[in-house]
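You will see subunit A twice below: alongside subunit B first, and alongside subunit C after that.
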Partner chain A sequence: MTDDEQSNDGSERQASLRERFEALPRWQSDLLLIGATLLGLYALMGVLGLVTGLGVSGVTRTLRAVTFLATAYALVVLALNLHWGYTGLFNIGVAGFMAVGAYTMAIATADPDPGPAGVPGLGLPVPVGIALGMIAAGLVGLVVVLPALRIRADYFAIVTLAFAEVIRLLITSGALREFEIAGRELGTGGGAGINFARLDTVIPNWVLYRGGDIEQGTNVLGYQILTLTNAIGIERTMVENWLYTFTMILLVAAVFWLLVRTGNSPFGRMLKAIREDELATKSLGKNTPMVKIKVFVLGCAIMGLAGIFWQGRNGYVDPNAFLPIVTFYIFIALIIGGSGSNTGSVVGALVFVGVLFEGPPYAQRIVRQNVDLPRPSTVYDGVVALGGGDPMPLIGYTVGELPNLRFILFGAILIALMIYRPDGMLGHRNEPASPIDLRRERSPREGLADTASTDGGEVDE
Partner chain B sequence: MAMVDIRDSVSGLTLEERFGLLLVAGILIMVLDLIRRLVVGDLAFTSFMTFLWRGLVDGLVIGLAAVGLSMTYSILRFANFSHGDLVTTGAFTGWTAAWVVGGIGAASFGSRILLNADRGTSAREINLHVYAEPLAIVAGLVVAAIGTIIVALVIDRLVYRRMRNAGGIPLLIASVGVALALRYVIVFFYGERTRGPVRSTPTLSAENHAWLIWTDSVAVHQLILVISAIALMIGLHLLLQRTKLGKAMRAMADNRDLALITGIPTERVILATWVIGAGLTGVAGYLIVLEQETLGFNTGWFLLLLIFAAVILGGIGSIYGAIAGGLIIGMADNMMLVWISGDLTRVAAFLLMILILIYRPQGLFGGVETA
Partner chain C sequence: MSETEATGVENPEEGAAPLEVSNLRKTFGGVVAVDDTSFSVERGSITGLIGPNGAGKSTTFNCITGVHTPDSGRVVFEGEAITNLNPNQIAGKGLVRTFQIARELSEMTVLENMLLAFENQQGEDLWRSVTPGLRKRVIEEERAFLERVWETLELFEIDHLAHEQAGNLSGGQRKLLELSRALLTDPEMLLLDEPMAGVNPSLEKKLLERIHELKAQGYTFLLVEHDMDVIMENCEHVIVMHQGRVLSEGPPAAIQADEQVIEAYLGGEV
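And now, the complex of A and B:
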């Protein structure tokens, strides 16, 4: 990002572009940033895929998968931004809260009579399940945060991580695989997980068909959509998949809007004040514990929602999807984007999923499709061949290890960001705890005069 | 009158004291129930002794790893999330050395140096247990310590030294990055497969050894673990109590600026901290594999939270606390089997840790953050 460095002798045209970007209202420039990142990502993956012969359908499938995962991450990252970026609550139990949401949803909506192999659920309708999942995640958040309010930040981190592990151990434990509450057979499925309503067909069906039932024929909107897609020649399953992904995008937009509104409210100013200096906020007579509880519960509910939609993509909660490492992926995404900035959260999620997470396997696929590399079974064989003057086996081994090497990359990025740029890419856009825009307020005079010399510098009054 | 007095004194207690009272009461009830089960015969005496022995084995090795974490926590002032992967590092470097030494002639170098990543041989072929290859086992122990120390010092030079004055949270996040990078560097070389680098342990039977009064037979590898761990802990105790280094460490844990002013070479103390902490951690990783006979790239990461639990139980910064905490966690993890099923014992251990963190963050044994 170049917008915090300004050269006086930069080209006129660049300055005017930047000027125009800076002159935009905050929400427009934010939207522009997110859109530009998304388009850049699509362009990068699309061009790479087409050039190397992945085919149009292969590319669109990859793009959809990436978009879906990125939106799921964006939801959680936004919620984490509310905890850490806004309020300074260092929550590393994110995976646990997602698990609570997804499992509650699964237990609520699973078939009550699944046959001998499955785990019975309550068979409630999907919206009820989603609501219950969010409420449950929020309640668990309340249980975690109530006693943990007064402890140090690093202890808080360990407590949240331990809670997430307790939750994960409980859901994978054989003891809770099936249990009975008030005469109803329920269960977590233990290590096998639970099947429940497939959100990626249920939600598109609501959009396309009357009463959400494919038997009753298309509704007005569905008719239009399906005629249009038929004309272009897109399959119906593809349409349904994209509809689910669009639902996720809408969800991200809604949560984004909610968080921006929260952040700009008096309540949001209190959050940022707590992040900056809790003692000072307290001495102004603010009830900081109450604020922290509320914000923690809200964030946890959103994490639960994200867990529901993430696991809902194939209607199956996988008990191994909630390992503590997932929490750290989400942290990496937030830190790349810049904590404290909602735009940064979304951009970070896009960059993390598109470039860092899906990038290396994608690169591996492209390389393997175009170059015939040897595949030695160990690095030792590669090194031996290198000693004999042939670097290809070592390169082949490295390409084969790309999916694992990306984790080294994650680690290196996290370290480098912490050392050189703890604010992340868009950290400077985090919202100050002040209701007025200090950046603009500082230089009303200079804004009218010479633009090149004004930005960023200290000015004598 | 007496009743009123008791009520007065109870309501006068702080939250922390009430929590302590509750904890003591809980433990008392469990001990009583244990005795009842032993007397009634719900729990056979031999299985009780097995739980106790396994608790000691687990506890010692967790305690050994916890000492290192506790030292870096108090002197560098951050929760080091890469500590679990230092355990893994020790296990891999140590066992690689053991294979390289012990497998000469039995398998190709390429198979030995990567711990059989190419599946060219097996632990059976190399026949690696303490009677067959005592030299290899000892060599592995030494290399585990040295290798982990080198890795820890390199990481400190590359990462943590640049962040000496950063806060606890940025350091914590950086350590998560270190953990990920270190773990997958190991995967890059050794692969993701979980392997069994050691043959099953020989046993001593009580028929031939009169001093084995508590059990029928004991695994020699476990015995080695117990003896090495206790020896290292005694050595550490002497080092910290009898040398100036120990005093300097305690001074630094107490107040770094003051230590610097008094002329304590803080960077050298930090170096010593890493050397001791990482050395013990590496040995712990090596011994864990000797005992449980499997090794995967996640071995240490899965132990991390238990190690944290030990450190927190004993009080962060206290080395004796860490050892005691390790023993308590090890014992609890095994003794809980009397009451709850095996996959829930860790839940109990973690819940205990959470309660301690919330109600008695200075740990069970006292309030000082010193070595």
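And now, the complex of A and C:
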């Protein structure tokens, strides 16, 4: 009896928690979900790392790497969600648009006089380069989407994929390795890549130092930050590293804000309608081709931005960073999170990077830190030893191959998701596209009957 | 005399047929789906378009609404040629259609479906939807739209389904949703493609009541329908198509007595 009552109590409390969560305004519940996922991920990796003796610095280094990669993914996944999740535009050329952004930025900012080994660029300031990169990615998106408006969705996918490959091959080709426009030597550097200003140094320097120049000493903000971090014993290099990651977090926040507003609007409603049935949408008087163009260009510009901040952080890009596989990783992240949901896009990026992408190598590090396993060079040696009654070589081999085995994991997870949860983690959420929270709207007639349920939090602003 | 002339000058369109189709022709490969079809629809009437399967009714609909481009012929709506316009442009002129198989937007709620219908919404402009100061106006407009949506949903008695995903609705409810959604576009004339297909008798009665109410308000209807009783009891004018052509045209009683029509429906090739 008492047990029953207790469990009843528990479930009631759970229910009320759930109700309270659902009663929150949309933006609050969204942030809560994202924050909870992030904290959960940090807690999981942090506790695991600390307990198994990776040490504080090892753990924070991993957390920073995970955060950086997750934010980079979140940027692209959000853009892809705008294309595919909202509008149903099956863009499988994501890597190509990222390449356009990153390379435009690289060529714009590279040193015009790089010495004998390097490729010359225009030597423009970094912000100009970033803006140019986004504009170029958007314009290229425009070029791709115009002919593609006339073709069916599956052919559109082929066009985008082919296009991304064309971009990558153009970058790699010897013809564009170095060329001359209006007397200026420029180039993509071909397969060798191109060097330019390191974003992960330039941006922290702007934040910390006067005029972005370390020689001129700290600025007001930089002084505050460094004094504070110094007091709690954090090294300056670590501060600089984290500042770049924080910049990424701010970028994700800005893009998230932009896309949530885009989605929760009559414009976003047209996007969803196009995804569901373009002819019906046209028959309601909507100029769907125009909407598709706008949305595709916007998404491509964001992909360009992501390409710049992700692949360009080290001040170096080469064509191998933009292989088609990158596009598919981004799709997996979106499908995990739930396409059609901006919150789901960010959560998907976090889970994909933290658990699937960085998880297995992390597990490998933890195991190697604690157990001294044999490391046979082939699986054959492991199997032979297993036949002899010793499983350790096989386990050792498996642990050694964990970073590669994760690709099998991706496939397995994807199949499982398609079968058991095709909507992803958050794709089932009811997120009506309107600047007003439609979930709480009640018919005026019904409202007269019970006024209690209608008051409180109706607008998402 | 002079009075009627004066009103005629003031409203040149008044009385003239809002929709005129002349010599419409559409082929698919070797199949002639619509062949030299001409008819006009009277203002404020319910006109029925009937014919056996494959008579070209739906193709005619698609040619009128811009889904297909006719090979030849002209479509004039309110004195304006709309023959080669896009579906969205035609809908924008006030000629709005529904589909044979209801095209609800399944993964959107009924409310979203309805809100989509309003034309020229401020918030359909990406810039206005996103920019902080301008968004306020979008929200105000949305509130006004919502009021009309609730009114319409109550009129069609589907307000209890407002938060349901449109894909979860029954066939008849979808038809109601589609018709009410089409109404919110502020049309002059509605083209309904088999509005009663798959609708149970009580719902059918309700739908017809709505259509008559709307007709009384001045809307013009052209409907394709297979149910002869519906056509004969509700239309003032009936157009019969057969093998891509207009076979016969006239008031229901005359059509029912027409030998050719009986022949087309009962005998001969389908």
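Basically, the second predicted complex is superposed on the first by the 420 of 461 C-alpha atoms of A that agree within 3 Å, B and C clash if a C-alpha of one lies under 4 Å from a C-alpha of the other, contacts with A are read in each partner's own complex, and residues count from 1 in each chain.
Assume a contact is a pair of C-beta atoms (placed from the backbone, for glycine too) under 8 Å apart; a residue touches a chain by one contact, two chains touch by 3 or more.
Bear in mind the structure is a predicted one, so any value in this text is a computation, not a measurement.
Legend: residue contacts after superposition of the two complexes on their common chain; A:Leu279 is shown touching subunit C, with no touch to subunit B. Touch criterion met: A:Leu298 reaches subunit C, while subunit B stays clear of it. Applying the stated contact rule after C-alpha superposition, one finds that A:Arg261 touches subunit C and leaves subunit B untouched.
In the superposition on chain A, contact of A:Met270 is made with subunit C only, not with subunit B.
Of the two partner chains, subunit C is the only one touched by A:Thr288; subunit B is not. Under the contact criterion defined above, no residue of subunit A touches both subunit B in one complex and subunit C in the other. Residues of subunit C touching subunit A in their complex: 65, 67, 86-89, 91-92, 96-97, 99, 103-109, 111-112, 115-117, 119, 121-126, 129-130, 135, 138-139, 142-143, 146-147, 150, 153-154, 159, 162-163, 165, 181-182, 185. The part of subunit A that touches subunit C in the complex is made up of residues 258, 261-262, 265-270, 272-273, 275-277, 279-288, 291, 294-295, 298, 340, 430, 432-436, 438-439, 441, 443-446, 459, 461. Against subunit A, the residues of subunit B that register as touching in their complex are 78-79, 110, 113-114, 117-118, 159, 162-163, 166, 168-174, 176-185, 187-189, 191-192, 305, 308-309, 312, 340-341, 343-344, 346-347, 350-351, 353-354, 357-359, 361. Listing the residues of subunit A that touch subunit B in their complex gives 90, 147-148, 151-155, 157-159, 161-163, 165-166, 169-170, 172-175, 325, 328, 331, 335, 377-381, 384, 401, 404-405, 407-408, 410-415, 418-419, 422.
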